[in-house]
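Chain naming follows the written order as A, B, C, D and E, and within any one chain the residues start at number 1.
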């Protein structure tokens, strides 16, 4: 009898031993919990369908979420890193999916994850191009790291600038003010937009950089007003942006707010939070599927998400996190093994249609390849708040509505 | 002109945030590091009363102020009283209480940016070409009223004077019949109400978010210390220095340097006036 | 009126007050004399209830343990477990040793804080009275307490105690640091306060010369025990007392 | 007596805001002197001491100590030069045992250079030296008193501890700000010989006091201040005979008699 | 019944050996030696063996390293606050400066950890001392607040000027050879510093520090320059913090502005309060409790910090003197009822 017990345990464990997805996420914040929900949704779908086929056996996914608190001010990144280590060492995670969410933390976690030789897919938050660059520079060390969500360089040159041009052409606008948060990606992004748009003949006011947590934007707004700016480009991932829009509305600034990253306006609850004062604000949610759209037949994702969580996808991490799990499943099944090195190859060979189009990774940077056409690559989404709804306005291939101007802008004309 | 008006508004907001803390710390030497969380709590409770129970706005505000006063008093009565006089323990304990409240709220659903309080008055006016909304004007007015009221309270009522006495020398105050525990409970309650008032006045301009709790705490501490302990003029002046430093840097150097300059202003003020603008602490302690 | 029976105070294992009993009748001035560390301040703390507060604070910090035993009767009540603020309300006010002025308040404010227990009318009247016994304070009204000189602080401390409308005033070393002229005046004023306001007063001093002539009854403390007690004349005639306190 | 001048003040003046605390005070002390300073409360005695020892910077005037102009020096330099003072409001190190209070001065650069009190500071075992000093000024060596923390000592011992702190430095000049107040008659009587002994050892003393009898028995010269200005100076009889002093300091005949 | 209780009181008596060993070490029996050595041995032995015992759970070894870093900060806070009288909330500054110095030395000059760590300790301590120098005349809360502003300022300056890698931080710092080195270097540092400082504060120099804390005017009057001593104190304390910071940056192969985060200022203080201020060993005990509690609570998810705060509060309120003070009193003294 004595030898039976361990054997039983072994067999039963073998039968159902789950594949552990470790998710280091700052779950108290938008980009943390949206990713968590996306991942959990995908996992429950996959498990309901029988799990993942590794070689000959079917194994379910299990999710271990850890709150890294990295988006919280005053909390050191080492806290997030310790969380990642907990996932790796104690929870015995087979994969790291999701975060860390803050760019700084994501970068800092790279060596740790690489050291553990675990495949990791970044799905939410961090937009820094440095992530892919670092992978490209040290392919041997960092080859296990992938990112399936958007990245700032493409977002700017491939989506935001074309969208701006489109607006400019349509309404004959060519003056822009830029307000960004005082973090590297925002400053860099704002700077590039300023430069490119200036080259394209727009008049661009000097960058206004606001520290994280700023609560008063009136000076910048009135500067924009007196300089007769027609578009206000906003790049801030902090909740206080809804104050900005309220002030914008209260001061009746005759300029269209365009959020290249504007966490507050991405959420469905934004409407209530600003008492509708945020109408006409444009926001970028990085990947399609994070706002209702018709990008691909996979729109069922939005419905499933809503069914499971009771809200539409909120931040820009939902659809990509969801897709990360499916991508992983796909790669595991193709590789037929859990060996990290084999999986890297399989991941690199990924070619999968998903919520936001075709998922393929750049062989050098391990970054998902973007496109304006869902048939070609991962598409982004820019939407505008119109009468309480998020209406997708860009890219044209998936748009469901037109860009509108606030009434006081028309009056001003 | 913009600078003047918005600097004024900014400064008054800072002063409002700091009043409660200054009252409790400056006057009764009890560092209430749960100040910021009381501030957020009032906003959240008011929102709940307003939206979940459907109370009218003024009633909701009143009820939440009363509640917060009780919370403040209870904090002292049940927790802080046991470590009275050990300053570092007091700081850590009250900070922990604040943390528990804030993180509890966050867990209880106060996530993201969804909640907001309505402004008292819609609309805006143009003052010398600067658009200012009514609510912000109200902030200035209320701020002035509160500062004045508190000043009267502290300098010209028995209770206020007793609080002051207790802060400076508890044992001597005891011999004069000032019941220090009762006073401390009272000052905590009053401080909580102050935090609440600030929240009610300032929150409609923004959102009810947990993070503002930390922000308010740091600002309140800075204003209180830079002004000099227990000095009202000092606190108000400090609020203006920091407030204008922020607005001026926004205007001239870019908002980029806003925090850097504000922090530098604090450090430089303290180095040049070691006991705050109007404090006499150092001189008094060094008088031999 | 006021009676302490068998007071004992231990600081940890050290006996600082040993079975001291003391009585004070209406309108009497009682003197408590003793050299350094005789236990005068300890006695005053015990009478005013401050000892309870000190005890509580020590306990909180886990430091030494203070034990208090004995009974204090005041106006027919047993008040040993009254906290100091309550005793003050009942009329027992201590003017503590080493002054303990509120350093950041002006002289006037110090006095006003002292008037916490007084009605506005009483406060006003007492304020005038304080300025009349210590005219020096009139000029200093607006100066911060902490900037006063040693002697000025002493005057202020006594004035502040008076503001609390005591029925029984406890003075701990009131003469410390006063110039001879003020010492003399203070001794006179103590008598005045008693005569005009009927306040009973207990004075603890080691410099007995100015105080001895005005007391009604006195105790000599030595190492925590009351070794001699008696009326003024008795004490003045006692050769040991004369030797120790008058230097002849 | 034509001993060398230890300390001289020239026109020392100090204002605090609107308060004229000192007006043009001149003073001269020679080696081996015991100078008494008396005056009504708040007349500026402590302020004068502060000006001399650097705790307060005089607005005008000069302080010259052993030929060096020490005006405006920080207190620690003044003490290092050999001029120490006691504090009227006692300032011991409350959390340290009484004898450990003396380790601090014994550790100071001056004590290490000169050897401090009777040369013991250089020799090493500062604890023993500390207890020696305390014994000398009236702490019983074998009792528990020197080993108690200063916070639990009564006033009288603290006053003596103040003096002990000065002695530990082996100063050339000690300014005592009211060391006698707070001592009982017999204790004071026991301190007088110590003071004499110090003088005999060549230490100069300035004593600010309200206990006139004891002061007069010690001091060879007395200076009277009133409202921050010097009223008169001389030996005790001269001072007591001075009409202005009677008026300013004693106020009335009764008081005079009483003293 | 009442009367019986009335006339008794609880007496605390120092154990004989304690009285004797306060200054002189005249130990005569094994029992007494054990009495003296046991607690020290327990601490040293326990800390040395802990990594081995934890080898089955590698994650907790990592936690141990973090505990050590917080302990360094906590000892430094305790030393400054209770022995020099400067309440410094600048723990984050020390960590940050230490981390950046080590990272820069490593990535720019290519120095190996064996050099960067000691260099960062000394250099970092120097930099912190220089930064805080103008603030040394400040007292009490004023100093506390200024020292709190410095790390915030440092982070913002790096952010605003975009130096040292800006918000991304410095990547590519060399890691330590293996986890044993990590842990034992840190444990060694904690133990050496702990016992070293305990020694120091009872030496004559230490007494001067304590004098400065109690009463700086009297120290001045004793002919000692207090600023020099305060600076020395700050240097000792900040060097300890910088050591922690340097280790942290090698531990995670990275340095960034979040190393100026407020947590590094606050948790050590909490640990000091819980463990008992003024004992130096107490803060270490506090860290040994608080950090693992925080890790154990991770399963609470978002509620974790709230629960943690409540536990912290409970410690402070119910053992307000601090665990170490309480413990050593129970160890050194016995209590008995005596008749009065």
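In the analysis below, contacts are C-beta pairs under 8 Å (C-beta built on N, C-alpha and C of every residue); 3 or more make two chains touch, one makes a residue touch a chain.
Note that the structure is a prediction, hence the values are computed from the model and not measured.
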{"item": "Set of chains whose contacts include both chain B and chain A", "value": "E"}
{"item": "From chain C, the most remote chain by mean C-alpha position", "value": "A"}
{"item": "Distance between the centres, which are taken as Cα means, of chain E and chain B, whole angstrom", "value": "31"}
{"item": "Length of the line joining the C-alpha centres of chain A and chain C, rounded to whole Å", "value": "74"}
{"item": "Whole-Å gap between the CA centroids of chain B and chain C", "value": "40"}
{"item": "Sequence positions of chain A contacting 2 or more other chains", "value": "28, 73-74, 182, 211"}
{"item": "Touching two or more other chains - residue numbers and ranges from chain C", "value": "60-61, 147"}
{"item": "Chain B: positions in contact with at least two other chains", "value": "82-83, 86, 106-107, 229, 256, 259, 281, 286, 288"}
{"item": "Residues of chain A that touch chain E when the two form their complex", "value": "27-28, 65-67, 69, 73-79, 81-83, 85-86, 88-90, 103-105, 107-108, 110-112, 115, 128, 130, 134, 182-185, 187, 211"}
{"item": "Residue numbers on chain E that touch chain D, as the complex places them", "value": "23, 204-205, 207-208, 210-211, 213-215, 217-226"}
{"item": "Residue numbers on chain D that touch chain E, as the complex places them", "value": "53, 55, 74-77, 79-80, 84-85, 87, 91-96, 100-101, 103-111, 126-127, 165-166, 168-169"}
{"item": "Footprint of chain E on chain B - complex, ascending", "value": "31, 79, 82-83, 86-89, 91-93, 95-104, 106-107, 218, 221-222, 225, 229, 256-257, 259-260, 263-264, 266-267, 270-271, 274-276, 281-282, 285-286, 288"}
{"item": "Contacting residues of chain A [partner chain B, same complex]", "value": "28-30, 33, 72-74, 182, 206-211, 213-216, 218-220, 222, 225, 239-243, 246, 250-252, 263-264, 267, 269-270, 272-275, 314"}
